[in-house]
Each structure stands twice: as C-alpha cells, then as structure tokens.
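Each of the next two complexes has chain A plus one other chain: chain B in the first, chain C in the second.
This part shows the complex of A and B:
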C-alpha cells in the first residue's frame, strides 16, 4: 500500500515534533552541561567570573594528588570485597531459588525488599545497628566476648560498607541470574542425565556457560554501582577514618561544593567516568562469551 | 538403592529450606529492628529487641517538635511525594510519546535520534553534576522545586524502553485506528499505552524509586528547609542531632514505607523489569 505524499509528510511532521521536543530538552539538560564539563575540566574557575584556560593542568594536578590515588585504591579495594561477595552470594541465591518449589515468593520478596530501602534511611539504620553499642556488637559481646569497630576501624569501614551494599543488592542480582538460569532449556539437563553426567559436571558444563549473559550483566551493574557510591560514605563515615572510605563521588561533591573548586571536580568526574567505562570494557572482554543455543 | 537416594535428596531439600528461611529472616531483620526501634522507648532501643511498651513519642517528636526546630518533616514528606510523582508522571508520558515517534513513525533522521539516545545512555549521570549545577544556577533555579524536577522530566532510558516494547505491536493496529479516524494522541493514549502496560509500569516504578531515593542532587541544589525532600532533611537532621536515635528511626521508617508499599503493590512489574535487564 503506497501512501499519498500528503499523509507521509504529516507523519514526518509529527515525528519531528516529538523528536524535536526530545532534542531541545537534551540540548539544554545534557548538551549544555556536556560542553561545560569539557570547558571546566580544561580551565581554572571558582564559580565566579570567566573560566581561565588552563590546558591539562587539572589533570596533571589530579595525577599528582595523593588523595586521588587514595580514592583509586579505595575503589579497587571496595571492588575486591564487594564483587566476589555479591556475585557468589547472588549466584547461590539464584541456584537455591531454582531448586525450591514452595515459598519461592516469600524468599524472593524478603531478599528483594532490601533493594527498595532508601539510601539515606538504610545508612542511618545500619550505622546504628553496627554502632559501638548497637545490637550486633552487644550480641557479639554476649556470645563471644568481643566487639567489632565496624565503621571506625580504617580497614574494616570499607568492608562494612561493602557488606551493607551486598545486603541491599543480593536479591536484585540474584533474580537477574535466576532469570538466566530459568532460560536454560530443561532438555539439556535431561540429555546430560542420559549421558550419565553428574550434577557437578552438569553445573560446570551447562549452567555456568549458559548463564554467562546474566552474569556479565550483574558484573557490569556491580562495577557501575561501585563508581557511583555516594550516600553510604557520606552518611555513615564522611569519607573517614583516614580517608579509607572516600569515594570518587564524595570527593567530587566536596571539591566542587565545599572547597569551591568546580573545574578540578569536572576533571575528576571525567577521569571517574573513563575509569568506570574502562572497567566495564575490561570485564566484558574477560567474562563475556557468545552463547548460542541450538 | 533408589529409595535411599530419594531420602538423601529429601533431606538435602529440607536443609535447603531451613537455610533459606534463616537467611530470609536475617535479611528482613534490619527492617524489623528499624520498625521496633521507632516504636519503643528511647532507653530500650539498644538494650531490648522486643519493647516492654509501645510508644509513638518518636513519631510525635519528628512531626511536631522537629517542625518547631525548623525541620518540617510533614512538609518534607509532601515535598518528596510531589517531586517523585511529578517526575514519574512526566517521564512515563513523554517516553510514551517520544518512543512512539522513534519506533512507529517514518521520517528522515529517525535513526539518528535513536542512536543519539543510545549514545547518551553511555555516560553516567554523575559526570554532569557539576556543570548541571552551573546551568541551574545560571537559570536562577537554585532552591526551587524546578531545580530537582526539571533535569529529570524526560529520560533517555524511558524513551528507549518504550521504543523497544512498541516494536512488538503490529503496524496494522495503527493503520486500522487511523482509518477509523484516530489522531496520534488517541493512538498513543488509547492504543499503544494500554498494550504496553507492563513497560509503562516498569518505567514508572523504577523512575519513582529513583526519584524518591535521589539524594546527591537535591542535597546540592536545595538548601531551603521548607522545600527539601525527605531524604535530604533526614540526612541533615542526622548530622545535627545524631543522638536523637528514636526520632531518626521514625524518620527512616517514614522514608522507607512508601518504597516498600509501592514495591509490594507492583512486585510483579519489579520482577519483570529485573528479568528484562539482561536481554
């Protein structure tokens, strides 16, 4: 069916109207900040007057800044705690869920409800729950005779934050993996069963390779989450003790809005974005495999 | 042999159920403790799990005394509701319209717009916080609701989600509606939206949760206690009066309850949204 030209023109007009609204909005709230981000990163500016061109000064200063490297290692350190913990935990959760017939909704909801906790509220909750006199420590003291300085010990604080973030995200990531496991055809397992493959071999030869897309998704989410952490350290530790829980976002915030140095913060934001992008690419290269069914 | 094997499996299954029950309780425990802490007398918060008597004094404190201390929590709750609903409503509708233009209409440059949206989604939002602040300041919008609402009323992700789900709707439906004399607005609101109800719910749900939970951005642009969303007011109250544990817990409960209620009401779509995320 060929359309008359007039109708075609009308359709294009409506299309351009809607796209136009989107593009104008994006130009104001995305394009304009994008350009400013680049201008700021390559200049010196304190919120007033005209930005003075500064070349790569901000970036050079950044790489010589010990605080930047502290944050860099904090982030690596956090990933070393968080990613194995959350991936293993959510994988076990997904496997358990796929073995279970009854109460599945109850288990799913009780793990998932942690995920809808608001950042500020759960930070307040956990800083009291794990405080010196909080219920977790008084339980430990009663049973084992010692307490753990969850958020005040420099090394432990980061681990404690990794633990509460894991609490929040295991249900969510677990369900992504569960959906991946459910999508594997049952006939593959039946065929393996007939060939005499043990459950263990079935797990490594069927489940693990075929759940790869879901696993990659979870890893990418976890990395993006790591680089975007702000609320927990802001609320609970304020970046301390000894800057061990300082994150990129927290530093961008304090640099721009408390030390009034937005151009330096813009350079930091670009580097942070580049690092998180680099990590995602790296994980995709290392983990992602083509999965072809049939 | 077979029977023995089956028994072993059964024992393993029961064991798995027990572990899952214990873990579920551990996962819910923080919520339970939070709620109980908000309704027990101050001296029992760190000493007893179950309260000897129930009290609403912390809620009374947060709603009445705190208001007199220039920390208006009722106002903040209403602010949060207003901001989150405005953003959600706007994102769902703009996404439904723009997504339609991108997936169902034929015009030159359409693919360019679509590719631009994908390109935008590559950049994490935190990169734009500093320059976006500059923009909002230049527009003179600091300390206004618009500062929080305007940067989020259209979402690239929302447009993308609608564009993808419209693709499965046959073009014939639209042609038939057009022959019946339907205009574009009618087609989108009465035909497309009802057919993609689950996408609309997923976009709405995740947008609402994101808006309700958004903390860093409102913290930066809102210094006026009267217009603060709940998350920011609660955070500032926590910094200034961290020894008022009871009222803080009551505030945390109030901040959490809407999210939990919405999650329980829309859990079906929440689960759908999750299983879609790896495709």
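This part shows the complex of A and C:
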C-alpha cells in the first residue's frame, strides 16, 4: 500500500520542482506588480510615504478627463486604419508566399526584418524621411508641386503611424496566416476543382473559412497591439499634433513619471487593460468559428 | 596569522562603517561629470570621515523619472543636482526637500553671499523659503547665420518682428528654406524655449502666470503680439512645422533659432560651419519695443537640492559649501560646460574676465544672466505647458485658429488646471 503513495509523492515533488521555478518567477515579476497596481489604483500616492486609500476617485476622475476620451477616440480611429490594412496586407503576403516556389525563405526573412528592427531606430529614420523639410517632401514638391504633411497634420499623423506599424507587422502576421493556409489539406481544393469551382470560389469557400483560427489569432494580436502603441508616437510625434497621436501607454507613462501621479496612471492602466480585453472578447465572439481539419 | 587577518578586516570594516557616507547625484552629462570627478576625489581624500559617494543620475527617460523611481524604491540620493524649478516645486509640495535657510540659517546666507547669489536666489524662493541652490542659469539667445545674413545685406542680426519678416521675404522659399525656427517641438519643455522666451522678451520679463492668484495672465497685449508673430511666420511659410534631425542652421533651411549655451560645445563639435558663423542676439521683440531698453529672456536654470531623508545634513552641507564658496570651482565649471554659473559677478569678477574676453559667445550668454527670468514656480509645469502646446502653439502652427482665439482658449484651459 505504501509504495504507490511514495511514488506519487516523488512524482509530485518532481512536478513542483519543474513548475516551482516558473511559479516563483511569476510571483515576483507578475504577481507582485499586479497586486501593487491594484493597491495603487485605489489610492492616492505620489512616490513618497504610504499610499492613502482613495476608493474609486481615480476611476471617477478618469471618465471626466477630456484627455482620456481624446485617447479613447484616437485608439478607435487607429484601429479603423490599422486593422483592415494589416489584415489585408498580411493576407496578401501569405497568399503570395504560398504561391511562390523559389526563394520563399528569402521573402519571409525580408518581411520579418521590419519586425525585428529597433522601434527607436526606424522611428528616427521615418521621421527624417517624411518630415516637412525631409527628402520625400522635397522630392514631391519639386516634381509635383505639393507636399504631404505626414506627421504634422492631425488626421494624417495617425494614419502615418498606422502605416508604419502595419509595415512592421505584415511579415509576422503574414507568417501566421501562411501557416494557417498551409494547414488546409490540398485534397479539399482538388475535390472542389473536380466539382468545377473557380479559384475565386475556392478562396471564399475553402481558404477563408478554414484559415479562421489563424485569422482570429492575428486579429487578437493586432487589437492588443493597438492598445500598446508607444515607441512610434513617443519618438516621432510626441502625441501631437493636437493630441491626435496620444496613446494610452504614452499617457500612462507621462502621467506616472512626469506628472508624478502613479496612482492615477495605475487606474488608467487597469481601464486600458479592461478595454483591450473587452475588444478581444468581442472579436472572438464575432469572428471565431470552430474549425476541424481532419 | 589567521587572527591577525581577521582583526585587520574587522578594523577596516569598522572604520568604513564609521565614516559618514553621503550619496550625491549629478547630471548624466560628460562635461559636468568632468567637472565633478576631481572635486569629489579631492574632498574624499581630505575628509576620510565624510565620504561622498558620487554617481550620475541613472539612465532613464528623464532625470526626474530616475529620481522619482529612486525615491519610491527608498534609494534616494542625499543631495542631487540638475533639478529644474517645477520639479523642485513638486518635491517641496511633497515635503521631501530640506529648506536650506531653515536648516542651516546663517551658514546658508553666508554661502549665498560668498557666491554672489543674492539677486539670483530670489527667483527660487518657494513660499518664503529656499530649497534649491541654483548652480547655473542659461539665458536663451538667438543664433543667426552671420555669413548668410551679411550676404543678404544685413549688418546686424534682426531685432524686431518686422526685421525678421523682411529677412523672410528676401530668403524664404516655401518647402525649401525658411527664415527661422520659431517653435521648437511638441515636448512640454519646448515651450520654455519658444513661447515663454518670446513672451518674456516682448513683455520685458512680466510673468506669464500669476503664481499667487494661480492664474495664467499671458492673454494680454504682449501675448497677442507674440501669438500674432508666430501665426504670421507660419501663415507665410516663413518657418516650418518640423525640421528633421539635422540642425537646420547647418543645412540652411533656417537662418536663426533660439538656443541655449549648452548647445555651444555641441555645435562646435558637430557643426563647425555654424559655430564659426554666428551672431548671437537677444530674442526678437515687437516693433514698438523701446529702442534702447534691454531685452529680457528666459533662464533655463538648474539647481541642487538636499532630501529630507539625508542622515548627515550638516556634513552634506559642508560639502556643498566647500564646492560653491570657492570661485575657482566656478571658473572650472565654465571651462568644462560653457554654462554661466548662477552668480551675479560674472562681468565684474576678474577671475571670469578671461572667458569674457576670450570667448565672445560665452560673454554674450554670461552678459544676459541679469536679463534672464526663470520660469513660473508652479507644481504642474508639465500639464500647463502641455496645454500651452495643444491649445496655443499647435493651433497657431497649423493655422487652426486665430491668435486671439488660441490665446483665450489656452488661458482658459490653463486656468482650469491651476484652479
């Protein structure tokens, strides 16, 4: 009777040893900051002394803050630009990738380079290239007689940043969709062909429905990304013009470390997290379908 | 033998733990590091019982951020330099700074006297007390490309708005080259170096915020003139909304810009063409500004503070006194940093005459220390200047509203923040 018990204990011990490292790591680098975040959000604290409880004050203030609503609309606006662009772009990239026979790795890597480049580095590069007095605008003005205020027009600046972020993520999302497309059994297309379905019909009736898991993944990633934009507006526009490129993260950062109000920033961070989680759930409800590939 | 070693170790440890240790942070800037390093070494050699542990402010987005996180982590320094007035005001409100005049009384005033800071320190009083020892005061001045201006027929740099318009008509070509950099960017601190400087110049140094009443007061005739100037420059495409990374005075996209003295060494190294062809002049003023009156400008000034958490306040103050009561140290400061020390005798003390004669650029800046007005001592500088950006300078640069509308909107928004 004792033997199996001993074995169980031993197994459990090994299990704990393996997971223990992760659990300790999570407790220190995830659990502790999370608890601290909750404490901060419901208190008043400015880096000195002990946090004073403040109930829901930070949250109430948040919904009355015009800057919060400005950022909220900026984020929605950004999604309207970014998500169609990046989904369409990476879909086309994935389709092209599945059609070509040679140099596939080369093309994949070329697109992935954008994804692994330093955000700070390419932000400086883009802000130089597309500045009001930069080479692109000088060229446009000399040849066509007009310039495009990429980063200085309130509406266009947001679109420009959406384009940069799209450029960065097309390769990565494209690869996810490519894997999804590759997983669709070839026999389905062959069967469709025998039944006389055109390529167009095959695309809509086979590829699009069956790539759904990959597409959902990409959409979830893209939404999370929208709520986490920081480097590009921080480096290029500083949140301007007219606060039109101000993002949640940028505002959280300046509120905590420049305005010296970490407790308000914590409330902001919680609301940002909740909003992004809500959007993800919504998208999954709307888009996700169960797919069985046998 | 073993016992002897143990004894020796114990002895060293106990001596080290007896010595007073003072943590001292300075600006992370190579020139300033060069200034502090030998000084701290010398002090530590001469005072084995009071050791200064010197570090530069850790790398972070800004020094304020690094200091705040250090305080939150309980790792705050005892004394720290590179503190601007608004940040000092925030720290004072939280009660973490030592009031030098309260804590050290006569010793503090002796130091003020020894360093000739009586007039300079007035702008740093907060609710009647002194929490900051100003180290340097950087007046803002216009840099103009002398060579190009001379070619265009100017014998001296433009002084008034009209003279700048005249220059623009001669030089500016839309989308290609412009008269001057009018606005410096969209960071909150950029407003010090454009609107507030212009406003101080136009109004002869009148405050833009009434600190006592807590209201913005720049919606007056001076503010209107400045806003009108900014608007005119953008409307006629005599200035651009952004300039790219290269210094516009180097590629001649612009001929003039407001600059601080900290840029002198930078320009000397990176843009020698610019450095060797400069005219320095006070900020531009409205056309009806009196001919013979001196022109005020903005002072970017940073100082030193002591934290309440400092255990050895007396010893720390001894060190501060040791550094700043010796004018030779300010001589070295100028050599290293080219920034005018915050003292009133730069023009009169023979120790500094060397620089005033040898280096005309430094002389130009140092000569303006008396005309340089520090920013308003308010706790929410960042919010106020962010609002100034969003409601005043951006509408003007994108021609979204008239100067009057922008001014009254900005003042209203800022008053909401101050209230």
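Criterion: the second predicted complex is superposed on the first by the 266 of 294 C-alpha atoms of A that agree within 3 Å, B and C clash if a C-alpha of one lies under 4 Å from a C-alpha of the other, contacts with A are read in each partner's own complex, and residues count from 1 in each chain.
The definition used in the following text is that a contact is a pair of C-beta atoms (placed from the backbone, for glycine too) under 8 Å apart; a residue touches a chain by one contact, two chains touch by 3 or more.
Treat the numbers as computed from the prediction; the structure is a model and nothing was measured.
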| item | value |
| --- | --- |
| Side-by-side fit of chain B and chain C on chain A, or clash | clash |
| Contacts of A:69 with chain B and chain C, given as first, second, both or neither | neither |
| Touched partner set for A:239, first chain B, second chain C, both or neither | second |
| First (chain B), second (chain C), both or neither touched by A:272 | first |
| Partner chain in contact with A:138 - chain B first, chain C second, else both or neither | both |
| First (chain B), second (chain C), both or neither touched by A:257 | both |
| Which of chain B and chain C A:204 touches, first, second, both or neither | neither |
| Which of chain B and chain C A:153 touches, first, second, both or neither | second |
| Partner chain(s) touched by A:128 [first = chain B, second = chain C, both, neither] | both |
| Shared chain A contacts, counted only where both chain B and chain C touch the same residue | 47, 124, 128, 133-134, 138, 253, 257, 262 |
| Sites on chain B touched by chain A in the complex | 13, 16-17, 19-21, 23-25, 27-28, 30-31, 33-34, 37, 45-46, 49, 94, 97-98, 100-102, 105-110, 113, 116-117, 120, 122-124, 126-135, 150-151, 153-154, 156, 159, 184, 209, 212-213, 215-216, 220, 231-232, 234-235, 238, 245, 248-249, 251-253, 255-256, 259-260, 262-264, 267, 270-271, 274-275, 277-279 |
| Chain C residues touching chain A - in the complex, by the definition given at the top | 61-62, 64-65, 68-69, 71-72, 90, 94-96, 175-176, 185-188, 240-246, 248, 253, 380, 382-383, 389-390, 394-395, 397-398, 400 |
| Partner chain B, residues of chain A touching it in the complex | 8, 11-19, 21-23, 25-26, 28-30, 32-37, 40, 47, 96, 99-100, 102-103, 106-114, 116-122, 124-126, 128-129, 133-135, 138, 167, 170-172, 175-176, 178-180, 213-214, 216-218, 221, 224, 227-228, 230-231, 234-235, 248-249, 252-253, 256-257, 262, 265-266, 269-270, 272-273, 276-277 |
| Chain C partner contacts - residues on chain A that touch it in the complex | 46-48, 124, 127-128, 131-134, 137-138, 141, 147, 149, 151-154, 237-243, 253-254, 257-260, 262 |
